[in-house]
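Presented sequentially are two complexes of chain A, the first with chain B as partner and the second with chain C.
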Partner chain A sequence: MSGRRLLLFAPMGLLIAAFTLSVAGLLWSSLSHGGPALYAELLMDAGIQRVLWRTVWIAVVTTAISALLGYPLALFLARSPNRNLWLILVISPWLVSIVVRTFGWMVLLGNRGVINNALRNWGLLDAPIRMLFTPTAVLIGLVHVFLPFMVIAILSSLLMQDRKLEEAGRILGGTRWQTFTRVTLPLSMPGVIGGCSLVLLMATGAIVTPLLLGGLRDRMLGTQIYSEIFQIYNFDRATAMAVLLLVTALVLVAPLRLLEARIRHRLEGV
Partner chain B sequence: MLPTPTSGRLLLDTVSRSFGALKAVDGVSLDIAPGEFVAFLGPSGCGKTTLLRIIAGFERADAGSLILDGRPLTGLPPNKRDVGLVFQNLALFPHLTVTENISFGLELRRESAPEIARKVEEAIALVALQGLERRRIQQLSGGQKQRVALARALVLHPSVLLLDEPLSALDLKLRRQLQQELKTLQRRTGATFVFVTHDQEEALSMADRVAVFNQGRLEQFGTPQALYGQPASRFVAEFVGDANIRDAAQLAPFGITLPPETLLVIRPEDCAIGAAADAAPVRREGTVDAIDFIGPHARLRLILDGLAEPWLALCSGSAAAGLEVGARSVLGFDPAGAATLKAGA
Partner chain C sequence: MPTGFPTRALAILLLILLPAPLVIVVGASFSPRALLEFPPPGFSWRWYLEFLSTPAWLTAFGVSAAIALASAVLTTLAALGAALALQDAPSRLRAAAETAILAPLLFPHAALGIGFLGWLILAEMNGTGWGILIAHLVLCAPFAYRPIAVSLAQIDRSLPEAATILGAGPGQTFWRITLPLLQPGIAASLLFGFIISFDEVTVSMFLVGPEVTTLPVTIYARLNDSADPVVAAISSILILLTAGLVLLMDRLVGLRIFVDVEEEGRRPAA
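Now for the complex of A and B:
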């Protein structure tokens, strides 16, 4: 590697080094203070098991909903002549802090929130529906936060696609729908899977949204770690949970990465 | 597998299409016979590709009508037109194998599996791709991809197959070979072929009839011989082969009198040089301005005495032997054999 290329590699190398060191430090600290006993205790804890399960299903459902909502949106953007204008709207939530956005959902979803008040004023409800501090609220909040990532991942793979392939599908007798399912969709799968990995990873480690919208009962791993550190001051347990979170995220995302690699290999050839 | 040669009659009646102020296709009328091999020829931006896309159904016509075998095409989506298309970049499906690409259309028609297998095998044999059935598109050479694209379109037996400069990406040798193969394929399938190209040599050598386009308008539609021998306009005369196009004033020094508003088209190969010119009815001396040896022939440019416009002549290499730039020679031709044009055309 020449000196100049080494220079280009330096920032990334620094990031990789910092990341590796912090993960190694995390592992070391959890093993030296608590050791395997700490992990055993953690995994046997029924409360932690519930949190772990909740983390997994909320992350998976968030990813699925994001993909289902994100694909049509990405397709619309890819076909729109005013793509850039719409794209600004899609990513505009990023201009607002995640905490503020989540508070917005609290205002909407609360027992005396906008939605419940409106439904009651129209006489559709007698008592408020409980929405805030439920998994549903967490799902809504997470989808809102992560949807733009999904849209952009899918959009980029749609934009790379040759439009002539769709025309080929049409002239060979395909309806719009058939052409979509047999040409557009399969060819955009790398983008879909890439977006899913991204959202799955971020949703697994989410803290702010589950903390504010899920409340104290419906914790996820991220919130659990947060309270171990800031409320219980049990750093060893928090460290072990962080490792658990890391492993969970890897286990969830690894199959997707393998799938994406296989599909890319198929599409791009030898 | 020969389809009935009675299908594939394509009628275009004053078809027009504008993009803003640009008239991409301007009142084009054509009558293409069943089983005919037609080339759309013209410089880039002349509207030939837009017209092709209108026939395929990817562009709409602002005005005019298209009728295929008595069936109006207006308003029909591409998938209902019974028209095939080979794209300029081929547009093969990268996620499918050779076989899957070819069977794509048959599967959409929900034909039975054995039927699909039979037809795909037939199509693969037709384009000589045996042994490559399970290959991915990326594993094929340029010529092989070309054949897959043809097989994918032909397996559906469309009444009309449109080809949008499908050979333009290939090197010259492969191009010549595939031109021959295309011609053979067209005869064997009996389908009407509409071939878009900007290469006049390709158009003349392959097509039964050639439609020459310029700025969205159809300049001439005729056999290669007619196009070359009796060009309908100055554009056609200049675009199809080389030509010396002269008006009455430029021909007066030869002692030729032309009716007013008439131009004479003298092809370079009809010009004799040196001793060969002695037999020509009209002659004039001049100086050789440039000389190109192209295989057995030599292409000469001469400045004839007292005439401003240089003349192009094509003669055998032996006739040009001994000539060099600056040498004196004689150019002669027979005005009776030259085509005439209306000056405004």
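Now for the complex of A and C:
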């Protein structure tokens, strides 16, 4: 790299350094303060095991629901002549702060919330149904928060497709369904898997939505870290758990990344 | 799953559900009573006036706006430098640098929050605006780099060459040819940076202190105690601000950039 180039890159280099410092510092401090003993203690702790397991299943189910709902929506957007108008409805909620969107669900799902009130006013209920502070509420909130990421990822790979391939499928006698399952869907798999790895990663590390909709009882790893720092003031345990979260996220996402790379390679080889 | 009736029906339902919680929040913010209700039992600006007359809320708003503005401008400059530096770099060097720039996307935010907190404490910068700004710069960098790199790649290389042949110096070529052609990417980068920083909560919640805190973190803290209409009023202001920025983005560069950036961004990573 020439001197001029190095100078141009320097500010971004500083940001990369700040990021590296954070990750390296996290790993270093977890090894120097708690060390393997702390990790062993955490992993043997039945409470932490439950939190870990809950984190994994909530993240996986959130991802699966987002993909199942996101695909039809992305397909609709890709084919709609008014795409830009609909995109505003997807992108605006996407860019509103997670806290605000989660707050919307608190208003909807609370014991005296919009849904319970409506059901009671219509005479369908005597006592409110408990919806807030349940795993279902966390799932609803997380799917709502992350669905736009999935839609945008799938949409981008649908729009990249050459529509002629679909036409060819139809001309060669494929039904609409056959053309979809044998042409459109396989070609859009990089987007689906890319979206899945993104949502999986973010859902694994979520804090705000699980705290506000799930409460302190049904914790996820992110919320556990938060309460270790702000309620128990145990920085070492929080650090070790952050590393645990990092590893969990990588283990969950790595197979998807490999799969995506392989599918892309195969599609581009055609 | 061709775009038959079931796909369309599901898509429309989702397009209603995605903004629904936000509509509820805006509606509830006009309630004259101290209870969150939708539809509101009347109409009043009471909670907006309370927001405007509470110094703590206004300060948090100001801090968030200042940090978001600084994040947007500084990451855009860093990304512009990096994109220009990498433009003609050998492909392996370029791929390595891009992986480093995009790396923060691959880490769960809860873990990054602890990572930043660790070294900011050592640097005595936790609980300061500077600490939050540094974290936001790192988080925004990938979102600033991608649109600018995409814009740069789309420039017809013969244009700057023509300028040079016609006798323009490198500075002139940059200011009069390259920079104007980069406008869509730069606009997208600025808007992305502002929105992401202004909304960020998961990392920021670890870095705020008694003296400096951001608006989303303040909202979160308030929601943890009690959800009241003043939070709905502030949330409504945030929703309006975001919707305004999305429409601005639509006017300036088109919403398609969100989709394009997604696809281009994943390519080198895959």
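By our rule, the second predicted complex is superposed on the first by the 250 of 270 C-alpha atoms of A that agree within 3 Å, B and C clash if a C-alpha of one lies under 4 Å from a C-alpha of the other, contacts with A are read in each partner's own complex, and residues count from 1 in each chain.
The rule is short, and it goes like this: a residue touches a chain if its C-beta (ideal position, glycine included) is under 8 Å from a C-beta of that chain, and two chains touch if they have at least 3 such contacts.
Since the model is a prediction, treat every value here as computed from it, not as a measurement.
Chemist: Quick check on the chain A-based superposition: chain B and chain C, clash or fit?
Modeler: Aligned through their shared chain, the two binders fit side by side on chain A.
Chemist: Mind telling me which of the two, chain B or chain C, contacts the most residues of chain A?
Modeler: C
Chemist: For A:Ala153, is the partner it touches chain B (first), chain C (second), both, or none of the two (neither)?
Modeler: A:Ala153 contacts chain C only, not chain B.
Chemist: Touching A:Ile58 in the superposition: chain B (first), chain C (second), both, neither?
Modeler: After superposition on chain A, A:Ile58 lies in contact with neither partner.
Chemist: For A:Ile48, is the partner it touches chain B (first), chain C (second), both, or none of the two (neither)?
Modeler: So A:Ile48 meets neither chain B nor chain C here.
Chemist: Touching A:Met131 in the superposition: chain B (first), chain C (second), both, neither?
Modeler: Once the two structures are laid over each other on A, A:Met131 reaches no partner at all.
Chemist: Mind working out whether A:Leu21 is in touch with chain B, chain C, both or neither, as first, second, both or neither?
Modeler: A:Leu21: touches chain C, not chain B.
Chemist: So, does A:Leu142 touch the first partner chain B, the second partner chain C, both, or neither?
Modeler: Neither partner.
Chemist: In the superposed arrangement, which partner chain does A:Leu213 touch: chain B (first), chain C (second), both, or neither?
Modeler: After superposing on A, A:Leu213 lies clear of both chain B and chain C.
Chemist: After superposing the two complexes, find the smallest distance in angstrom between C-alpha atoms of chain B and C-alpha atoms of chain C.
Modeler: 14
Chemist: On chain A, which stretch or stretches are contacted by chain B in one complex as well as by chain C in the other?
Modeler: Shared contact residues on chain A: none.
Chemist: Taking the touch rule as given, give the residues of chain A at its contact with chain C in the complex, in rising order.
Modeler: 1, 5-12, 14-16, 18-19, 21-23, 25-26, 29, 69, 71-73, 75-77, 79, 84, 86-93, 95-108, 110, 112-114, 117, 144, 147-148, 152-153, 155-157, 159-160, 176-177, 179-180, 185, 190-191, 194, 198, 201-202, 204-208, 211-212, 221-222, 225-226, 229, 238-239, 242-243, 245-246, 249, 253, 257, 260-261, 264
Chemist: Which residues of chain A touch chain B once you look at their complex with the stated criterion?
Modeler: Touching chain B: residues 162, 164-165, 167-175, 178, 182-183, 186-187, 266-270 of chain A.
Chemist: Of all residues in chain C, which touch chain A in the complex?
Modeler: 1-4, 6-8, 10-12, 14-15, 17-22, 24-25, 28, 35-38, 74-75, 77-79, 81-82, 84-86, 89, 93, 97, 100-101, 103-119, 134, 137-138, 141, 145, 195, 198-202, 205-206, 216, 219-220, 223-224, 227, 231-232, 235, 238-239, 242-243, 245-247, 250, 254-256, 258-260, 262-263, 266, 270
Chemist: Give every residue of chain B touching chain A within the complex, in rising order.
Modeler: Against chain A, chain B makes touches at 56-58, 77-79, 81, 83-85, 87, 89, 91-95, 104-105, 108-109, 136-139, 152-153, 156.
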